[in-house]
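Pasting a structure below so you can have a look.
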Amino acid sequence: MEHESSNISSGLHEECGVFGVYDLNGNDVASTIYYGLFALQHRGQESCGIAVSDTNGPLGRVKSHKGMGLVSEVISHEDLEALPGNIGVGHVRYATAGESTIQNTQPLVLNYAKGTLALAHNGNLINTPELKKELEYTGAIFQTTVDTEIIAYHIARERLHSKTIEEAVAKTMKKLSGAYSLVIMSPRKLIGARDPLGFHPLVIGKLDNSYILASETAALNAVDAEFIRDVLPGEVVMIDKEGIHSNTSLCQDKVARCIFEYIYFARPDTRIDGVSVYDSRIMAGRILAQTYPTNADIVVGVPDSGNAAALGYALESGIPFGMAFVKNSYVGRTFIKPKQALRVSSVRIKLNVLPEVVKGKRVVMIDDSIVRGTTSANIVRMLKKAGATEVHVRISSPPFLNPCYYGTDIPTGDHLIARHNTIDQIRDVIGADSLGYLSVDRLSDLVKGDRGYCDACFTGNYPIDPPKGEIRGEHDV
Amino acid sequence: MEHESSNISSGLHEECGVFGVYDLNGNDVASTIYYGLFALQHRGQESCGIAVSDTNGPLGRVKSHKGMGLVSEVISHEDLEALPGNIGVGHVRYATAGESTIQNTQPLVLNYAKGTLALAHNGNLINTPELKKELEYTGAIFQTTVDTEIIAYHIARERLHSKTIEEAVAKTMKKLSGAYSLVIMSPRKLIGARDPLGFHPLVIGKLDNSYILASETAALNAVDAEFIRDVLPGEVVMIDKEGIHSNTSLCQDKVARCIFEYIYFARPDTRIDGVSVYDSRIMAGRILAQTYPTNADIVVGVPDSGNAAALGYALESGIPFGMAFVKNSYVGRTFIKPKQALRVSSVRIKLNVLPEVVKGKRVVMIDDSIVRGTTSANIVRMLKKAGATEVHVRISSPPFLNPCYYGTDIPTGDHLIARHNTIDQIRDVIGADSLGYLSVDRLSDLVKGDRGYCDACFTGNYPIDPPKGEIRGEHDV
Amino acid sequence: MEHESSNISSGLHEECGVFGVYDLNGNDVASTIYYGLFALQHRGQESCGIAVSDTNGPLGRVKSHKGMGLVSEVISHEDLEALPGNIGVGHVRYATAGESTIQNTQPLVLNYAKGTLALAHNGNLINTPELKKELEYTGAIFQTTVDTEIIAYHIARERLHSKTIEEAVAKTMKKLSGAYSLVIMSPRKLIGARDPLGFHPLVIGKLDNSYILASETAALNAVDAEFIRDVLPGEVVMIDKEGIHSNTSLCQDKVARCIFEYIYFARPDTRIDGVSVYDSRIMAGRILAQTYPTNADIVVGVPDSGNAAALGYALESGIPFGMAFVKNSYVGRTFIKPKQALRVSSVRIKLNVLPEVVKGKRVVMIDDSIVRGTTSANIVRMLKKAGATEVHVRISSPPFLNPCYYGTDIPTGDHLIARHNTIDQIRDVIGADSLGYLSVDRLSDLVKGDRGYCDACFTGNYPIDPPKGEIRGEHDV
Amino acid sequence: MEHESSNISSGLHEECGVFGVYDLNGNDVASTIYYGLFALQHRGQESCGIAVSDTNGPLGRVKSHKGMGLVSEVISHEDLEALPGNIGVGHVRYATAGESTIQNTQPLVLNYAKGTLALAHNGNLINTPELKKELEYTGAIFQTTVDTEIIAYHIARERLHSKTIEEAVAKTMKKLSGAYSLVIMSPRKLIGARDPLGFHPLVIGKLDNSYILASETAALNAVDAEFIRDVLPGEVVMIDKEGIHSNTSLCQDKVARCIFEYIYFARPDTRIDGVSVYDSRIMAGRILAQTYPTNADIVVGVPDSGNAAALGYALESGIPFGMAFVKNSYVGRTFIKPKQALRVSSVRIKLNVLPEVVKGKRVVMIDDSIVRGTTSANIVRMLKKAGATEVHVRISSPPFLNPCYYGTDIPTGDHLIARHNTIDQIRDVIGADSLGYLSVDRLSDLVKGDRGYCDACFTGNYPIDPPKGEIRGEHDV
């Protein structure tokens, strides 16, 4: 079970990961951030960066290194050595093509009346136009196209009328509408903030005398840190030399965690707000076995994210679990896509089927989603060519019907096959013998009955109204 | 199930992959070679290259592109476009550190009395010193430190007294002692040759009107080609505009296929000489379940290569199969290894354990080999920390006791834990509750009872005597 | 006579060059900017950039490309092709080490209430702290450390209360104190502005139906454009589809052109405000011959900038002119400086003396300045080793006594040899037989008697008071 | 006076430079080679390399670093540190486009029966086909397309029947026909060899306890070494721990030094076989003044190589010398050539004319050669546009009529304007008011009356017969 960075059939992307460390003993933290970002790489592969500072050094001397590409491509041993400091933040980012520029890399490092700030942001704001307009008419200039810059402006301005930076952050949050998990470094403090609906995860960890903020618990494991607790939806945590301080004044009853973090985005070895992502996926498989049983000889998952749900289906149904696919893990960013003239397809190069596993068998194939349907069709075809007599496709999420405005790249309706096709039509398009989706009704089972999640991409029930006349993609993440 | 390029616990490397295409219709083949090398990337990640020619163009005009790094790093879209030609060969290479230089990249392209040759070689010769001495005293100069150059010299010299290039290859083979799967391009022919003992695989495929030679059948699948047959141990195949020609005069009864290709090196979706690698691994797991049964709650495999054997163990024992590990697939060549000062370990960054899978359980952990033991110890520790109550380690190969002289990097005895420790001592070193290795006696079961394999690394029964006073590593691959 | 980019003995740097084009016919301008920046490369070699827009395209869609290094290193053919648009600005930059970062590259591209702006700036402001403070306390955040960002903020804010962008620029200029030659692109206009004292040059040119703004006339020649006129000190010129418009409301009587542009910074083939730089240097040489005559056999100039003054000295004195030095033009940014252990020196590698020219001769050696004295000492030593019997050093500027606050890197007093040594002492330090500097009184002769120049680095007569307690280097350029 | 690497009007290239050092005290030499190659960069800008060894270390352990590009681009500080050893050779190379590949970079490092060799070669052999054929039919394979490999083979083979490496070199020289200045490193010796006709230079220097071999004396100056003497045409020098040894058995009466080394290729600060290159050029200018006097107001040289001859013309004629051109020294390898659509020309970007110098004047313009005539025409046009009333062109060499087979890129007749045009026609093509070439009869005056030079490119008197049916360019350099 590998990181779920790029599910082969859906191609969907989570759009950012954040990481921050404050070492109370004064040790350098850049290496820890480096390994933390490695563990969050599945949340963004287009650019990354680290900014550090020394709480005992001159106020506000921030060093940063950012670039386009993977953590291993952007940050060298020499770069790490040139990032001294015991407090720091890091970021991995995914963006839609047009805005994937060096200007938009994070952490955003800035100087303002009260010193320096470095911000790393995961999420997407709904009220960017209003926030921006307000800033523009009081003389702001924008050098990036990321929401982070807008948040930074508001914090900097609130700070002028606040006693502390964490107060400024809290005041700013009252203006922000949308999804955000923020990690912020001021000269002497590390701050974490999560939007009141808690769309995306943010956790607190501890390693010796260091406090850590991270998008996922898996990043704590990677650096051998201990999980302390989740940052609460609406909470601001501030870490200084005295330790952790919390402001929960914006916490509220209603929360709306992104259910797709559980289904696909997060690593299976992450726990979000007390629920194991792995358990969620096993449960999704079990539910599919209950709601769409079938007579079959083997259950297989489309790598990597389909495997856990496939295990759940196997456990529930009693049909043996198998591993039918061999994945080529060398297909990276610079991979040259095959031209039309060649008979080889990108899917074919990434994925091969083991005939030994499926030949002469009725196969249940589990995947986490279908976006356009073309890749699923390719995989079903490969299974049949390898000798599968039947292919029953089960999807561990409901059909996508609506775009997401909160920080993922689920596209607008026009590109969603389920928007314009019945289940039977989709089944025919992908060439499956049967097709079953997870029911919207059962989503709450993935998070142990808790109803505090966002399923707008399936249901259209947006916890915050999307901007009028707005289509996804115009805003950056 | 991902490519088995770098098993996390053993760290062993296969040392080369070869690929060749001849398109009888005159279409360019560089793209096909590119995708073929992608599928063989697990056989060598240090350097790669492609050389092409046009059988209808001026005789012996060869274009090549080579470099240090992965296929995706070395070869760009522009590079492919600058490689026109309907005949070509490609290579991926792994080498020990000192000799991983640009000079040693392949295919080796050369000019001699009869035109041009491009050679790609997988394997290792035993009698390099003698072959080299003979050449030196007749005025050879060496610009690389690879065996391929020595083979090339001999072919070029035999060619002076042969009617055809394939005859020269066959004559040369009589002088070579050791392991070699060769793919050779002459101006108008594509030649494949496999040593008489057949240490490493070499197969023939067909895609439309193209003939393909490749180290593994999985590379045929990747380009959507049809598998024709294996090149026989000792056979020379020659492809020209008339089709395939074969010379089997060097074929013999005794063969010695590398058994570790089945256990670890080859992709699970490859078939070698009629035996499915996947089936071999399932069988290894079954044998372990028969010979080292245990009371346990779950069977898990160390990614990626341990998974198939784990499935076999589960099938045979009835103990449920589980996936306990999450692997970080972003750890590439440029990954910065953690310094001692940090508590994080390389294993920890590459691999995380899912407590949900192992907590409170007795775990059978399947891996394909133990070399030094340190990584296995780390993984066992991680399982226990995640709550496993017992960890029973089963290894799908016998203990390594001897170095390999035929093209893999199994080290000399001093670095092999099994050489100086009893099974019980190894069990203690790695912290397992029990430890079982595959028995040497059962190796033949992996290849359906066929006794024609080499197991020298386990038994010391070298099918060709290793060079006297020779230690592995002085020769290149 | 080569570009005067890096005089070997002084090592002083001009600190920026700007270039802008508006093509009324709608043709792409990126290539023209590229060649224009090439011709201005001597004004800044650390970073460069181009930003373009299409006046007929969607409002405010700006494309830019920036990077660290020379124009030829940063901008590729592909980059130029990805910069479509008929209006654009470019910049070359030099900065002191610490602030030579990607964030500080220009043109600065930004978005604000009224659309987009791209700014390129040559010069240095005196009242940055006040301007910044004002901005900070009204909620500005700073992502760079360049003055350009501060200017941009003020323009963006003034624009909110102005009818046009050019009005906003003019209002901003009333607040700015210091040196600035600005080229600004708004969605539909190209704007040039020069500070009221006119420290640095800015000229207008025309090429077919394109208007061009550039730091020097030599950049007009390079793209085959016709020189129209200088932008006046204090003038704002605005070019739109109707042509050129001018606002001279800030023009004043007093101007203070940097005299060192004539002596050293500008290209000899540039004319600044009606005076040929080449003529200025010939005149400097003539004055030296008048004021410091000597009996000598040959006059030589230290390349490249010393040659014109040497010609002037030769013409005035009747002593023959010679070329005694051979310069290595391959010494670029990445040149590895010799270690102490080696006897070779950087000067030695850059410069060699022709014994044929100086052997047995009394030599007059002309250079444009002495900063620390060490390099001059090296060159005098080389001349004597090559056989010169006497070396009489003549400097075509007065001694440096004070730092510059207006955009050049003349260092603070501590590093200026003339601050702590008499002329005789300096002569001894550099090993010359005699030494003569240009007299401060004669500087006006270089610009044909015009008294409107700044000579503060020689005299301390700062046309604008330097910031209190300020030392050069804390502000960026 | 800058390095004459790439005369703007002719564009001709010298084709290699060599450098070698043996430090008897055991100090590392890579840095000295680096600075030596810097000084020889004008002799080859396409690739370069360094190979070193330690005479006290294990026999034949050679480290090398080579690459495409300038010395400053290819060799980093880290590369130098990874090249330990007290004996080494270096090379800079220019090649025609097709063969400018990494395989052909030098020094060529090889292994043979008697150990290792590293070879660096400047020149071109005439009898390559015969030498190659002989090798091929005794079983040689070729991995490059440079003559150096052929020379290496012959040395390696002679070594089998010789007592010493220097004896093998001398025996090999008897077989070689053509131009070669060789620097060779064996495990314990540094060897220099120059062909019996002495086409290209090779000199011996000393720096402390290091012996140096270099293509030009200017490279000795650059590293502060003392000039000892020229290697004689036909001589083999061998340096070992005992010092220098010489074998002059191949020296002969007839020599044929390339006269164009004096006119253009070599640095002006180099002395070749006792004659100063600078003096040669001054003399060429003087002769032109004698043979083609004119009434003019100023004499100017086309940078950089035209300047010395222009000084000579001025001295002889009494017409004042001037510097009319400003050259852009930033135009490097990656410079993007202007497209047809733009009015700017490459010449225009590289060169600007100072109107102050030529306006209203009758100008004598000195250049070292005319190849195709187009660039000269451009420059004459620029002078006239800047106001020159007359332009009298004087060329410091005779007209090119024949290709060179000895190591320079003077093209075949078809591309030489003088081959198909009378002097009057050429004058009209370039738009000059008069045109005069140096007379073939006066060439000996450039080398003080010595008749031992090659002027085949002007006269067709080839000192060694060119290969039959051979055209330049098929052989590499």
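Chains: A, B, C and D, in written order; residue numbering restarts at 1 for each.
The rule is simple: a residue touches a chain if its C-beta (ideal position, glycine included) is under 8 Å from a C-beta of that chain, and two chains touch if they have at least 3 such contacts.
Please read these numbers as outputs of a predicted model, since none were measured by experiment.
Centroids built from CA atoms put chain D at 49 Å from chain B. The distance from the centre of chain B to the centre of chain C, with each centre set as the mean of the Cα atoms, comes to 60 Å. Among the residues of chain A, none is found touching two or more other chains. Shown here, the protein chains touch around one cycle, each chain meeting exactly two partners.
Pairs of chains that satisfy the touch definition comprise A-B, A-C, B-D, C-D.
Here chain D touches chain B in the complex through residues 102-103, 108-113, 117, 136-143, 145, 149, 152-153, 156-157, 160, going by the rule given at the top. Across the interface of their complex, chain C is touched by residues 1-3, 5, 31-32, 34-35, 38-39, 41-42, 70-73, 75-77, 80, 207-208, 218, 221-224, 267-269, 276, 278-279, 282, 303, 307-308, 311, 315, 320-323, 325-332, 334-336, 338-339, 342-344, 348-349, 352-354, 356-357 of chain D.
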